[in-house]
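Each of the two complexes below includes chain A, the first together with chain B, the second together with chain C.
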Partner chain A sequence: MRTLSTRRAVTVFLAPAVILYLLAVVMPILQSLWLSLFEWDGIGPMKWTSLDNYARMARDPVFMSSFRNSLVYLGINLFFQVVVALLLANLLLSVTRGRELIKTMFFLPTIVSTVAIAFLFQRIYALEPMGIINLALDAVGLGDLATAWLGTTRTALVAVSIPEGWRFMGLYMVILYAALLAVPKDLEEAARIDGASEWKVFSRIRFPIIRPVWATVMIMAATYSLRGFDIPYLLTNGGPGTSTELLTTYMYKKAFRSVDFGYASAIAVFIVIECIIAVGLIIVILRRGRQGEGALG
Partner chain B sequence: MNGRSRVAVGGLMVAALAAFAGPATAQDSREITWLFSRPTDGPVIATVTEVADLYAQSHPGFRLRQVTTPDRPSYLQRLETLAAGNQLPELFDTDATPFAEKLRNAGHMLDVGAKLDEWGLRDAFRPAALGYQMFDDGSVYMLPLEMQMEYLWFNRAALDAAGLQPPATLEDIPAMCQPLRDAGFVPLTVDGVDGWPLMRNLALIPFRLTGNDYIKSLKRGDASLGDEPGRRAVQWVYDLGQNGCFQAGFSADDYVAARNLFTSGQAAMYYMGTWEIGTFTDAALDPAVTSNIDFVTLPMTAGATTEPTEYIAPSGIGMAVNANTYDPVVEDFLQFLIAEYPDRYAARHQFSPLVSEAVTDGASPLFVRAIEELDRLGDTVGVPWDTQLDPTSNTRMQQELVLLATGEITPDQFIETIDAVIAEEAPRFFGE
Partner chain C sequence: MTGAVATVDRTPSERRLRIARMTSTAIVLVVLLIQTYPIAWIFITSLRTPADFAGSNPFSLPSELTLDNYVRAFQDSDLVRYFLNSFIVAGGSIILLTALSMMAAYAIRILGFRGNQVVLALFLLGIIVPVQVVLIPLFISYSNVGLLDSYQALILPMVGFALPMSVYLFVSFYGFIQGEILEAAVLDGCGPFTAFRRIILPMSTNTIVTVAFVNAVFIWNDFIFANTFIFDQDLKTIPLGLQDFIGAMGATDWTATFAAVSVTLVPLLLVFLVLNRAIIYGLESGATKG
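Here is the complex of A and B:
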């Protein structure tokens, strides 16, 4: 009887969130899936094209380059938001004075508006008139390396990825720092007394304990990066050429510039699948890592 | 009678009363909505608001609801979403784009040209202003509310410093760039983020050679970019890039950044429309710069068939009328707007698309000179390519054009890529 009432309570409390999720997330995905099977310009009748839109992706050079760009964008973002953020969180543990100030400084970009960040980096990267990066290069005698970082295809993708990675690095640093604070200090002390190096303390004690939080951070950063849109769109609008075109910006252009809603929906479905695969891969890698540690232990 | 029955009967009575009342008349005024894609504080919206307020005084119940989205990509997103949901308002802004043609073909737009003929008001508009709004078949489904001319603006002091005269031909421009660089100026500033300003450069030589014939054929895939007008234009843009005419890193400079290079005196030349006269004469800018700003109309080129007085002169985004919601209220307001708009708009030192007395008292010398040019404007006005090409080809051309201008691709690669895109995409918009 008591079990039944608990089940009912769980159902009652979960139902609104589940219904909202179904309406706001699952239904649009299913609608996109349905729409991706048609050719539709938003005005005339919808024309059934079966899987043609998916076949079209394979022979669309802009889609393929956008996919590659999205992966590079993801890699750079993960480097900042997972690797550098973890490094900073560790360093914060050893800082005694000004820790709150440092945390605030790194966290600040998270709450600054996207447009402001885009404008800021537009100026930082500028060549004519010179932005701070090119001025700095000039000042140290490396003026020959000065370039329009957003204006050349060689550097533009990295240049648009860095602001996004930097922006949320502080957020993930704070989350990881909170997780590191929960690591029992006596374990670390014992390891150090036994002669463990700082790397050993990190890799054998700290990291295994914070692994669930790190996994969450990894999943959040990966899915947000795969859905990244605003900063690349504002900074370069996908250019020069298609060198900073991401799947998200390409999908937007296909939907609202080319009014090709069927193909845009197919790209949207692809992005959803891509996110699911990314999360699945992260979970698999983490499980293998844990099993490996278990075997070693 | 239970509650549900009472509601049903009440509903029937309301429906019956509505049916007996007959169709709406201009006297039964109501709110109408206009979806704008213009600057909120610009002269068009200010004049329309003034006229609408005047109309509301004599038509109780009338209200013009203005929904403004100045940013064009955001506006188009909104327009397309509303069109897809069959929720277009009574009035909405659009260019004579292939998408607008689809809306027209689907019966969503009123034949405004036919209405102007019916009301005897076609002659009230400047032919060039109406001509700009025409679809390829000559029909008019949008009303112009502004009139602009595009010029090559230059800084006289910069050209003097480089020992140069304003260009007489388009081919003069690439040759001017090195002397201007040597004199410390950016030769030709351009916005590379938004796509359309750079694309204007590509349209200039074909317009001089063929008027609008070439782009009308190119957009359907009937002509190739490799044909003479296209090839010369592509080569010219490539030469501009190779001669260092554009500012370094122009592809990441937006509209304001590009304009600031000119208004701050760092750039020597700037191809732009007369809508920027207000900026060029802004008292807050350095008078040493603004007093040196001058312009020439579109330079000529060898083999030109258009006259020196013919160039790109857009009458801006037009106002379309939703055919599905058109009624006597909308009709009456439109007639009132056409009657009251021109003089009030001209009084704001603007170029009216309707024939009206120009107001030059207190206007800047640049405006007065531009008004004189407007009076000399020829019969053929150039249309921007971004309003002609199908959206996908348009986007791709703008993207590839940046690579062409930066020398990352050759003219042949550009031609090959764009021809292939047009061949693939044009049939979706213009039929096989």
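Here is the complex of A and C:
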């Protein structure tokens, strides 16, 4: 379209988006990098400390436990949003009626606000008045196990992670299901006639074909989990103790409660690096998987 | 399905297939219940009388229905105010976002220029950036220029973070527009601006619906930006206002709190139920064609 393209037209159409993107995303990222090299309470003079904030992380037990908690949070979310969602998408293929309706209903939690979700799960987990989980335990005679799931150190982290998994599971299932629909049916049938088990059909035919979509879903689910903030912040805000503190909630506290802008910026930069590493790992695994197939023929 | 159930299975493998189908359907239905029941429960509880909620099993069906909870929810809070703020922020963000991303994608994919792939790649990198990294710098900049407690303080980062995915969706959609249509337009004497208005804009309706709705969900529900940049009671958006309501009334007036939560769910729910085909279709094609 050389004839349509003039320098003026490109500038007029592109500049507004680029300027806003620079202002709202790119510049603040660079500012965070810069701030992470200082000690600053937001009012007094900024004190240059070079990489001290990053060294401080390694010595900070709360940071280390938050990092571990974030990984658990990530693992639980990936379990629901990638593993369970993929399983459900496969199961949905063999449902004969009402698939469109089922898809729509699976998707519903995605549009509920995190504030409403936090309120909902607070009620579901509650001991007083009894939430549905404790009621169910009571009903099957396991009343002894009833507990305040969010208030108990041992269970709080899992309890805080599940709502986020629940929230986006339907979204990813819908995407994976669309990819599975595009797998040629004759290929599957031919394999079944040759006596391939359902697992073989899935692992040798379906999965290799949907692998790129699966990778997109992995990347979305992983980066969204690593930046997950609202639900843990609203449900427990890190407690009891630091048992549900994630890097994001810890960073927020350091920034807006302790007003320790330098250290908080360093943690924010760390979260960005985490996301980049996660995406890199997923791409590497994806490539390796492809090569493995090539070797097998 | 009923026909298949009625006929006798001829071979063991058919029998196995039928059992597998029934098991899959059963599992899907159980998960369906897990996905939807909690939302239904919020609405059901919002219609209970407080005595009914306190007196009986809160998960049983209500003995009588009432709308009083909704009356109290509106009386005891600034729900109307929060709605107004959310409409302004979401409306402003979405108009700006759709216009900017559509224009940028037009420049990148259709007009084309040297380095357009680099610009696209820089936008795409934004998809993985966690919002937390901009909170402190924006907070500092806003307080320097007096933008804390303003609608713009929310609109700017919301649009910024939604741009990458939206630009990407428009770019991949424009990849399907045939060159001949534009060539014919150029022969008719169309310039880049007329071509955009007369050809590209009318063709983009479906993508606009997807981009607008998907982002409406995130913008309408945003908590972290509002919680960081808004302190003025009169400027609070729905998530923030709702959180206040839950904090103040959650332990005293349960059923009114459920009513308030229900009210905040309704707008997105309505839009979604009306447009769900277009939205799900757009999401699927966006994610699978990339």
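Keep in mind that, in the parts below, the second predicted complex is superposed on the first by the 273 of 297 C-alpha atoms of A that agree within 3 Å, B and C clash if a C-alpha of one lies under 4 Å from a C-alpha of the other, contacts with A are read in each partner's own complex, and residues count from 1 in each chain.
The criterion applied here is as follows: a contact is a pair of C-beta atoms (placed from the backbone, for glycine too) under 8 Å apart; a residue touches a chain by one contact, two chains touch by 3 or more.
Treat the numbers as computed from the prediction; the structure is a model and nothing was measured.
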First, second, both or neither for A:Phe261, with chain B first and chain C second: both
Contacts of A:Gly42 with chain B and chain C, given as first, second, both or neither: both
Which of chain B and chain C A:Leu20 touches, first, second, both or neither: second
First (chain B), second (chain C), both or neither touched by A:Leu91: second
Which superposed partner A:Thr6 touches (first chain B, second chain C, both, neither): second
Comparing the two partners chain B and chain C, which touches a greater set of residues in chain A: C
Partner chain(s) touched by A:Thr152 [first = chain B, second = chain C, both, neither]: first
Contacts of A:Lys103 with chain B and chain C, given as first, second, both or neither: second
Set of chain A residues, in rising order, touched by both chain B and chain C: 42, 129, 256, 261
Chain A-facing residues of chain C, complex: 1, 20-21, 24-25, 27-28, 31-32, 34-36, 38-39, 41-42, 54, 57-59, 96, 99-101, 103-104, 106-108, 110-113, 119, 123, 126-141, 156-157, 159-161, 163, 167, 179, 182-183, 186, 190-193, 195-196, 217, 220-221, 223-224, 228, 238-239, 242-243, 246, 250, 257, 261, 264-265, 268-269, 272-273, 276, 280, 283-285, 287-288, 290
Sites on chain A touched by chain B in the complex: 41-44, 62, 122, 125-129, 147-153, 156, 235-242, 245, 253-254, 256-261
Contact set on chain B toward chain A in their complex: 73, 76-77, 80-81, 83-84, 99, 102-103, 106, 108, 186, 192-195, 247-254, 257, 261, 266, 390-392, 394-396, 399-400, 402-403, 406, 408-409, 425, 428
Touching residues on chain A, where the partner in the complex is chain C: 1-7, 9-10, 12-14, 16-18, 20-21, 23-25, 27-29, 31-32, 35, 42, 88, 91-92, 94-97, 102-116, 119-120, 123-124, 129-130, 132, 135, 166, 169-171, 174-175, 178-179, 182, 198, 212-213, 216-217, 219, 223, 226-227, 229-230, 234, 248, 251-252, 255-256, 261, 264-265, 268-269, 271-272, 275-276, 279
